[in-house]
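Quick one: structure below, then a few questions.
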């Protein structure tokens, strides 16, 4: 048993060492896997803010992951074909600049979450879980049948988008970029968690009545938290799309929502680094079990199941001794 | 669209709804009594269909196949309840979602391992195939009519079970107050296993009934599972009455939506585009319905806060 | 047993063959350099049957060749495009394969093929033939060994026209391949349309559509509903008592799912570029050996996997894969005995081939197809003209 | 009645056939403890909910500090200075004692939308929280997780959280419940002191405490106030004796 902050430092170190080793050993695919882990972890960090800190069990975060992906896909495909996105009332051109794409992804993810949250937060418990799922499915079917951007075929972007000063097609550089974003977001989320906002959000999670009786507008607070959460997951979606140079409606599928949730539960709900551990472990399992048997999903299912039953608090909860609080 | 066609489509929507009800009833019972979100309910549906297909293949009897589906699903239901599910009652919804999600993976791949990657054959029996002429000149599938009747019988049976019998009284007590039922001296763990097996049997039955006119294949339970959740959420979780109302509402909305919307759109759009846009909207319609219901009634139509 | 997926098993299998076939293949083995093939296909979940067939057909050809210079790495894409993309990265970056193949679905192919060919790898499609890759988006390293997506639907349209259908009701799921299917049908069919319906992808209940068909006054029905959707539709259609003739592409009538449809499919006419009764030596041998090896009749997909492997083997005999230009030229010659009979590539490296009309029959207890006519002879897709290759 | 802090006017609330509030009128004046007593099921909780927010009356109004707050949310009323403690402790059980107090202080600042400065390093919030903990004598327990507190300590913490709001009036739902004799006595003294800061509407079962503390008492029976008056008035009131105290004695 070690302190959570030490554990977190070890986790970060592993995430740096593995790709560094892969560069030396010339194993670019290992870097790709690590990049995927980092990006999915980021999606998880987004959900974890709503789910862990806020107690808002969203089963529809694929909506934000997908909208981020499509923000990238739509902008980049227009840049690729040199056609403007819209001409009336004013011209908007596509772009292949990552920072612009990220900004669009974050804003559209945040706005979408604001809209969905405003409606969903009227419900609670299982109803909330299911109504968020419903919104996710709505977008999924919309994306499949909307022909303008490929429908079920999705959109292929032949070249990864650009970031000033980097060659994003070099795996380690793209990894570095994603890792840096993850660190920045982790820093921000950590501050958020500890801020009065985070304190009140978690307080309302633990006891909603209490938060209300000290004068906190719980609905409005949760709505803002939900929007922040959606914006972060949308950013991850944009990066994921760039990792694959491809977007498709699968990003909106309920399995995607479930998977992001799995990362959090595996790693540890409301633990800052929970999604990172969860996503990394999931990808490792998927990668190695896939080589063991055609029926590898049986093993994956069994492992997930035993994790739920016997590792309460996720892996971080198991390994670290300190309960996360605002103390200190 | 002619009135006659519209009536037939209403009937189709009703039949689709009744089918959903069989699935949703178990789901809502299990949630109402044990407070469990069971994503693996779709797997029990699949098990029912596979058991029916296997038994129909051996014996050629549809009735035996239906009984096999009931028994196999109930057996599997009881088995997983006794071994794993009961450990989840005290957990929060999040753990339940993940654990039962894991069960889906296990069940799906184990089924594929047992039965192979190809869909199985299950057909309607001769005495239920073909069509009947309904009043007004509607030619309607006998089998679908049978599904409507079976569904309504099951619904009536469930209402009687819950309102009139001792077991039903215990179920109602369990919904209201888990401690009280313990105090009544009822062995609660037996009750839970029974309720879970009952819900599983209903799912298995609907899998078999539907399997005869659809495709018996791995993964067949998932789309239905999502629909069943939509149904019980619209109806209010835990309420059988709500499940019935929700199922029929969803069935009608979906069926009428996908036939009427393209027609509506074609009044002001070019035909091909109208079909495409109309169908796109139709595929989103039940989710829009669900969101709409929850916005105005946050605990569903018949749900209690 | 080559029906196991793991690559370890396959390597072991390769070693075993090497021992037993040294004499027979001695000349072959020292011909040209080794080739590593990465196969990304669907082996789990609902669509696994198709991927399993492609894999089994492919591996059968490899086994029969006795060529020890070919190594095959197989991975499961779970029918998810993002997984497929990552597997292709893995195959290219980590396994360092020369050729990719195996993808079943158009949307997955669209996710993988452009970037794989851009990275200088060959991609040989054993099943999907999306429009985007046939016209302007064609690529010198992309070969389609199956068909362009429209082909079988065009053949169905041609067949409907030839049969004299004048008022078809047509339906397909509302997604790009479904929209292409209806377009393809309409390209060759010139009668009226009694109705045109897009269903929800993954829909399993077709009561509403069937009621529309009944009310529409159509004289024939064309549908494209792959996988479980087609099984559901056919069973429900048969149960509805509507007697209108049905035509469709082979996908809903293929060996793998026909047993699940049962009597409901009997007599239905469908279009395909292959059937087990095509009369040539290669096909006879293929059907027999496939049945012997796997205990089931081969499907369309198995035949496409088999042809894909033989195409690669034929090119290996002529050129070293490291010499891309030579190898590409060898592939383009298509100098192998296709189970379809005549087979050659057009300028866009998609097949020019006959497409037949088959009818579903019952042989003993087994449902299968027999060819009744040829719908289109030496048919090439319409997009070839837009392709810059020649 | 301009001098009333809290003013409940002719509230009616029915659940089906049950009239939980049947024309209740009562007020709370500065500097007083006004106790609300009544047998179980008399409608005390329903009344408190309508005063605190969260349950809207069918008719009638609630005025607080001269404003009609009848349609305001719980949070909005709390922000105006209406503090509340609960019958069953409503605290963030996973938080430390200090965190709970800081949560109250955050609420008092009026805006929860402060995203960057750590709450537990904010001198202003901490000062307010510690001051409240000091007053109820929980400072030594500041670092303890709330779920580990004794029952009595939780009641104290409830009061402390209410204090961080610098309230204009308190609604206290059975603060004595579950307290030992010693604790009750201490709390009694404390409340005597507190009422000069902000008046207290007190729902309490402990009759000794009520008679010791209250300046005025209202008796609620079947949704109606049957009597309001000083301790002596109520002791002497015949109706109250039969309707309420009599039952109590018999039980």
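As written, the chains take the letters A, B, C and D, and residue 1 is the first residue of each chain.
The working rule: a contact is a pair of C-beta atoms (placed from the backbone, for glycine too) under 8 Å apart; a residue touches a chain by one contact, two chains touch by 3 or more.
Note that this is a predicted model, so its numbers are computed, not measured.
If subunit A is removed from consideration, the chains that remain connect by touching into the groups B, C | D. For the pair subunit C and subunit D, chains touching both partners: A.
In this assembly, C is the chain whose CA centroid lies farthest from the centroid of subunit D.
Remark: subunit A and subunit D have CA centroids separated by 43 Å (rounded to whole angstrom). In whole angstrom, the spacing between the mean C-alpha positions of subunit A and subunit B is 32. The distance from the centre of subunit A to the centre of subunit C, each centre being the mean of the chain's C-alpha atoms, comes to 36 Å. Contact of a single residue of subunit A with at least two other chains is seen at positions 141, 144-145, 147, 295-297. Among all residues of subunit C, those that touch two or more other chains are 43-44, 174, 179, 198, 200-201. Here the chains touching each other pair up as A-B, A-C, A-D, B-C.
By the touch rule above, subunit B contacts subunit A in their complex via residues 31, 37, 84, 87-88, 91, 93-95, 97-99, 101-106, 108-110, 112-113, 226, 229-230, 233, 237, 276, 279-280, 283-284, 287-288, 290-291, 294-295, 298-300, 303. Across the complex, subunit A meets subunit B through its residues 51, 57, 59, 119-120, 122-127, 129-131, 133-135, 137-138, 141-142, 144-147, 254, 258, 261-262, 265, 269, 295-298, 300-302, 304-305, 308-309, 312. The touching residues of subunit A, when paired with subunit D in their complex, are 191-192, 194-200, 202-203, 206-207, 209-218, 221, 224, 323, 325-328.
For subunit C in complex with subunit A, the touching residues are 4-8, 43-44, 75-76, 80-82, 85-86, 89-90, 93-94, 106-107, 110-111, 114-115, 118, 130, 132, 174-177, 179, 198, 200-201. The part of subunit A that touches subunit C in the complex is made up of residues 27-30, 32-33, 36, 141, 144-145, 147, 150-154, 156, 158, 171, 240, 244-246, 248, 250-251, 290-297.
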